[in-house]
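Pasting a structure here, questions to come.
As written, the chain order gives the labels A, B, C and D, with residue 1 at the start of each chain.
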Amino acid sequence: MLSAENLLQAHPLSATAERGEALARAVEAALGCAAACTACADGCLSEEDPARLSRAAAAAESCAAICAATASTLLRQSAHADREGLITLLQSCTSACLRCERECREHELMHDHCRLCVEATTACVEACERLIALL
Amino acid sequence: MLSAENLLQAHPLSATAERGEALARAVEAALGCAAACTACADGCLSEEDPARLSRAAAAAESCAAICAATASTLLRQSAHADREGLITLLQSCTSACLRCERECREHELMHDHCRLCVEATTACVEACERLIALL
Amino acid sequence: MLSAENLLQAHPLSATAERGEALARAVEAALGCAAACTACADGCLSEEDPARLSRAAAAAESCAAICAATASTLLRQSAHADREGLITLLQSCTSACLRCERECREHELMHDHCRLCVEATTACVEACERLIALL
Amino acid sequence: MLSAENLLQAHPLSATAERGEALARAVEAALGCAAACTACADGCLSEEDPARLSRAAAAAESCAAICAATASTLLRQSAHADREGLITLLQSCTSACLRCERECREHELMHDHCRLCVEATTACVEACERLIALL
């Protein structure tokens, strides 16, 4: 896959150095989290006993939608002049990840898709918080 | 089109009365704004002189992505227990709308798609702020 | 909500007459279907017995993603020069709607969100097929 | 980033062997292409002379929306029973990628974001065609 760092640096308004690196990590984490959540939600619904997994599936779907919008906004560097808007979006992304992580953690020993989802949401929270600190 | 109010009331966790009505207005406003922004961005790029409209197009694309994620999250009522997350998402939606509204207002006399985009972003800001006040 | 017809006519490449009207109906049907499917999927997962509804929820989530991309592409009239691409997209949208409609029809007497989803997918299939016939 | 192969294999309905590998490549190619197109579209609009790049930006935005929906559908393995629907979606994804690749190729010597977009769309077309051949 193309690296987010290359995509961000090819942009005429590209951020530099430390912040650029944190931005690239956040893009990759948000994209990876959206993918893991989408796969996990559909995985939950395809298990033999989906009833126990319904809250995890719902949290994962919400998280996927917000992570995808976050990744897209982070890649649109013309939008970054609106610092407040970027920070609130990253905060809402963090909130959605934390909720999904809580739900999937209850099932991570039983279901690999939940374990991967916990990994992805944890990584996304860290990457968003690190980026917020640098904005 | 199906009314958002019907969709929201058919949900087992449906909100009631005043808040349910504000929620329905916010869903419709965010969906309408995502559509207006998508149409406006592509309209800007298809005009004879797209150079003057490039900032409006970029702002509209960002706004469309955030409004679509907001509408989707508002429709997923299982996600509303995370009040903080919902409020930050609505705030980031408001930010994106205000930025798009500023850019498109400069062109609303020349281009109908910008005028419709100003209307849609203004309505979305009002609906999001009203909903935030009730959460 | 802003009418799709107004949004489409404000575009410099707007289609005219019969085809423009079919395009507007397809945009509204696809947006409405994406909203109904999102609400229904989350509704299914929030019911007391989500196990029976897991296939409906999964079909609704897939359908929502494809309907949203279809609506967005229909609103971007600069993309319509690629007639083949537009037709295959409308066909994949129709496929996703038919699958979701089959799953939700089994539950429409029990759950209003499934009934609204059946209505929305049926309307979306009709609007897509009518538009395909005019492309 | 989490590998698509791991995400797909953690799903209870995971495909096996050759097809699973082609599926993983298509997911990664479509996600990477959506990201490259989003970054390129915003990059085009942020260049000093966006007028020449407006067609590339419009093609990239359409392509991003379809690639994102394609990746999401490929990750939802419960949807793959609808083989016809999956094939038409992959075909519409291929169409959108080819159109974007044509537009961005005209600017790839001048703008790195267009060059990366050409790479990403080319890779996505190949991955989609290889997957279609195995469905």
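Just so we're on the same page, a residue touches a chain if its C-beta (ideal position, glycine included) is under 8 Å from a C-beta of that chain, and two chains touch if they have at least 3 such contacts.
By chain, UniProt protein names: A, B, C, D = Four-helix bundle copper-binding protein.
Every value quoted in this text rests on a predicted model; they were computed, and no experiment measured them.
> What shortest step count links chain B and chain D in the network of chain contacts?
Steps on the shortest route: 1.
> Averaging over Cα atoms per chain, report the distance between chain B and chain C in Å.
Inter-chain centre distance comes to 19 Å.
> Just how far, in Å, is the C-alpha centre of chain C from the one of chain A?
26
> Going through chain D residue by residue, note those that touch at least 2 other chains and give them in order.
In chain D, residues 41-42, 45-46, 55, 58, 61, 68, 72, 76, 78-79 touch at least two other chains, as defined above.
> Considering only which chains touch which, label the overall pattern as line, ring, star, complete or other.
Contact pattern: complete, every chain touching every other.
> Which stretch or stretches of chain C touch chain A in the complex?
41-42, 45-46, 49-51, 54-55, 57-58, 61
> Give every residue of chain B touching chain C within the complex, in rising order.
1-2, 4, 6-13, 27-29, 31-32, 35-36, 38-43, 45-48, 64, 68, 71-72, 75-79, 111-113, 115-116, 119-120
> Which residues, counting only chain D, touch chain C once they are in their complex?
Within the complex, chain D touches chain C at residues 55, 58-59, 61-62, 65-66, 68-69, 72-73, 76, 78-79, 82, 84-86, 88-89, 91-92, 95-96, 99.
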